[in-house]
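Letters A, B, C and D mark the chains as written, and numbering starts fresh at 1 in each.
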């Protein structure tokens, strides 16, 4: 008893104007909130992971309402993979840069050789840069996992 | 197989409960975890990193190595899902 | 100024993993140079790290310049430097064989495969270096998730065996995390050396026994110690060839290294982790495990499956040797970690070379292989001799130390199990050699595979195989210096 | 008998988490359906996260976000602030839990596409006579 792909395909409802217009309204504000969570990791609960998941959720909401092909038009597959790699490279890149600049691995105060501000505030900025990298990486990965799960790897037609 | 699994579960549970005997009471500020290395985190973290949120300070700087590999974990999970499901062959 | 060399050994494969994912996506040709370059560079750096550690002594390094209990401490001592070199060298050699196999199996997902491949190697290196209990959990998870992904990319049954591995792996990781949680609740710190300072005060407490029991059970499941080995045979057999050649030699050996590292760190004159009755119990379990795993290997009809059961028997050697708690036994275990990784690599490379040419590893397809693939079978024979424990090869020396340790500790069941397993190995491998050598070419003609044009494996697979076979003998002959100035330093005198 | 009751009352949270862990552990190794095994794994991991977080709790403690200037002057009362370390560790454990669940779901999707069922014994039966 293998469920044929065609059976699942025709159970998906056609486009729904109410759903699309509300989602078109909500997605920008969700993304704004996601950015807020990333940026305010220093002062309020939050940070790279939580903000990245909220940003990822906004793109997934878009994909649910407008269909997977539309979301791939909004954030292309190549762009998504590039975003994930960029996020990971930012974090590991900064860590290796600190080691190359003569400090210890992941020691942000070693970055003072590039921009000479005092080491302690370099730590605060280092944490922020790293949180941005984490946010980008987590957002891209959440979207990519949703795409794979929804279309069982074919990325043609989502849930 | 099921009774064997039940037996293993009960033994593990009993061992765990037997182990909770020596823990400090819940919420006790003088318990080992609350009075050992985290005292410095609470007192010094803001001075040393200018980040009011101590959890982010510990996450990003004191134990930044953990968080770096945490990102690598979520990254490799995304790549694993991509590798498992995206198959052109079948 | 503390040297960052060992961090570059880890950073090279990690950064390359992301580059391979970016550039390897559209043109495949860039994957091979990137992967080989990164692993070659990290092998060279690992050699200098080992030399440096032997000259200048241990290096306690923290990521982020914080003093140890607060920051995460990475310990580079002779043993971890040796393991770092072992991991980078074995993965460098295995990559040569992985490249053609992956090109054949996973046509358009090669870049994803090699991203996971490099992250797995980074995770193994991180496991070897870390001296922080929770960081070790994160590294365990990295190596586990990448291994789940690599195995599940295989065809057919691979997804089911990968799922079983996921369940058992999560149980193991959760048990380890529980053990660390109990230790954290008792001591309040996460740094292993710092925890060891608090242990004598907690000598008899129930929670400490539970914590160490759960940590050990978690590691035993991860290393497939006999009663908990159910997931390993299917997982390693169904893994794609390119992944199997890296996972089989390294995963269980690094987990055994972790168990030894924990035992050595928590060991102190006042607090002996290994109380008498627990030690005898574990050695009995190891002995029974060796006997059962070896006899199960006899029952297998597939070469790769037979090798997986031999891996489980070898795990029994090392766990038993470590728990003998005397100098000979520990030296034998540490030496056997290195030797067994090389032996398993040689045998898996041979299995892959045979599978690459004949398509199947079932025994009746191995007839008359010596005529068709002389060099592959020659290296396979060297690997077989090493596994049995024939003198010039490295297998003999580590087994010799283990035997001495067993006799000295008076654990006769362990000694008997070792001898029994060596004999069974002899039967296993001579059966195959006899099949491959004397099974004349004619009666394999009418087999379905006769039409496939038989000749030597491609040089991509043959050169690492031959190199590993030579390495087995070289490492065997250089056991003296290897033990005296590297392993001897690690084994505490008053053990 | 009396001491055990005190001991239980003082640490009832650990008892609850251990029961939760064992429910998850039994589902992981006892159940035959793959989805139930996965749910068991999630229950087990959630119980461990609760176990760690409750170890850092302090009676009357507030969240570990301090007023920057008061902290710079150094007027920080440790007993008023909850222990931040378990929260950091559990952020990692949550991410690991999510990742393993994601990979397990992907593998289950492939198994379902190939064998049409998620009952382990049916799958093994199908593999035998493949």
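We adopt the following convention: contacts are C-beta pairs under 8 Å (C-beta built on N, C-alpha and C of every residue); 3 or more make two chains touch, one makes a residue touch a chain.
Source: prediction; values computed, not measured.
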> Does A-B or C-D have the larger number of C-beta pairs in contact?
Replying inline: A-B
> How many Å are there between the centre of chain A and the centre of chain B, using C-alpha atoms for each centre?
Replying inline: 22
>> I'd like to verify one number: the distance from the centre of chain C to the centre of chain D, where each centre is the average of its C-alpha atoms, in whole angstrom.
In response: 29
>> Need the CA-centroid distance for the pair chain A / chain C, whole Å please.
In response: 35
>> Just the number, please: Cα centre separation of chain B and chain D in whole Å.
In response: 9
>> Residues of chain D that contact two or more other chains, please.
In response: 21, 25, 29, 55, 65, 85-86, 89, 91-92, 95-96, 99-100, 102-103, 106-107, 109-110
>> By the touch rule stated above, which residues of chain A touch at least two different other chains?
In response: 43-45, 49, 88, 92, 95, 105-106, 108, 145, 148-149, 152
>> Where in chain B do residues touch two or more of the other chains?
In response: 16, 20-21, 23, 31, 33-34, 37-38, 41, 47, 50, 52-53, 55, 59, 61, 63-67, 70, 72-78, 80-82, 84-87
> Connecting every touching chain pair, does the picture come out as line, ring, star, complete or other?
Replying inline: complete
> For chain A, which residues count as touching chain C in their complex?
Replying inline: 78, 81-82, 85, 88-89, 92-93, 95-96, 99-100, 102-109
>> Taking the touch rule as given, give the residues of chain C at its contact with chain D in the complex, in rising order.
In response: 134, 138, 141, 144-145, 148-149, 152, 156-157, 159-160, 162-163, 166-167, 169-171, 173-174, 177-178, 181, 184-185, 190
>> For a test of understanding, state which residues of chain C touch chain B in their complex under the given definition.
In response: 14, 21, 63-64, 66, 69-72, 106-109, 112-113, 115-116, 119, 122-123, 126, 134-135, 138-139, 141-142, 145-146, 148-150, 152-153, 159, 178, 182, 184-190, 202, 205-211, 213-214
>> Which residues of chain B touch chain A once you look at their complex with the stated criterion?
In response: 47-53, 55-57, 59-61, 64-65, 67-68, 70-72, 74-75, 77-78, 81-82, 84-87
> Which residues of chain D touch chain B in the complex?
Replying inline: 7, 10-15, 18-19, 21-22, 25-26, 29-30, 54-59, 61, 64-68, 71-72, 74, 76, 78-79, 81, 83-89, 91-92, 95-96, 98-100, 102-103, 106-107, 109-110
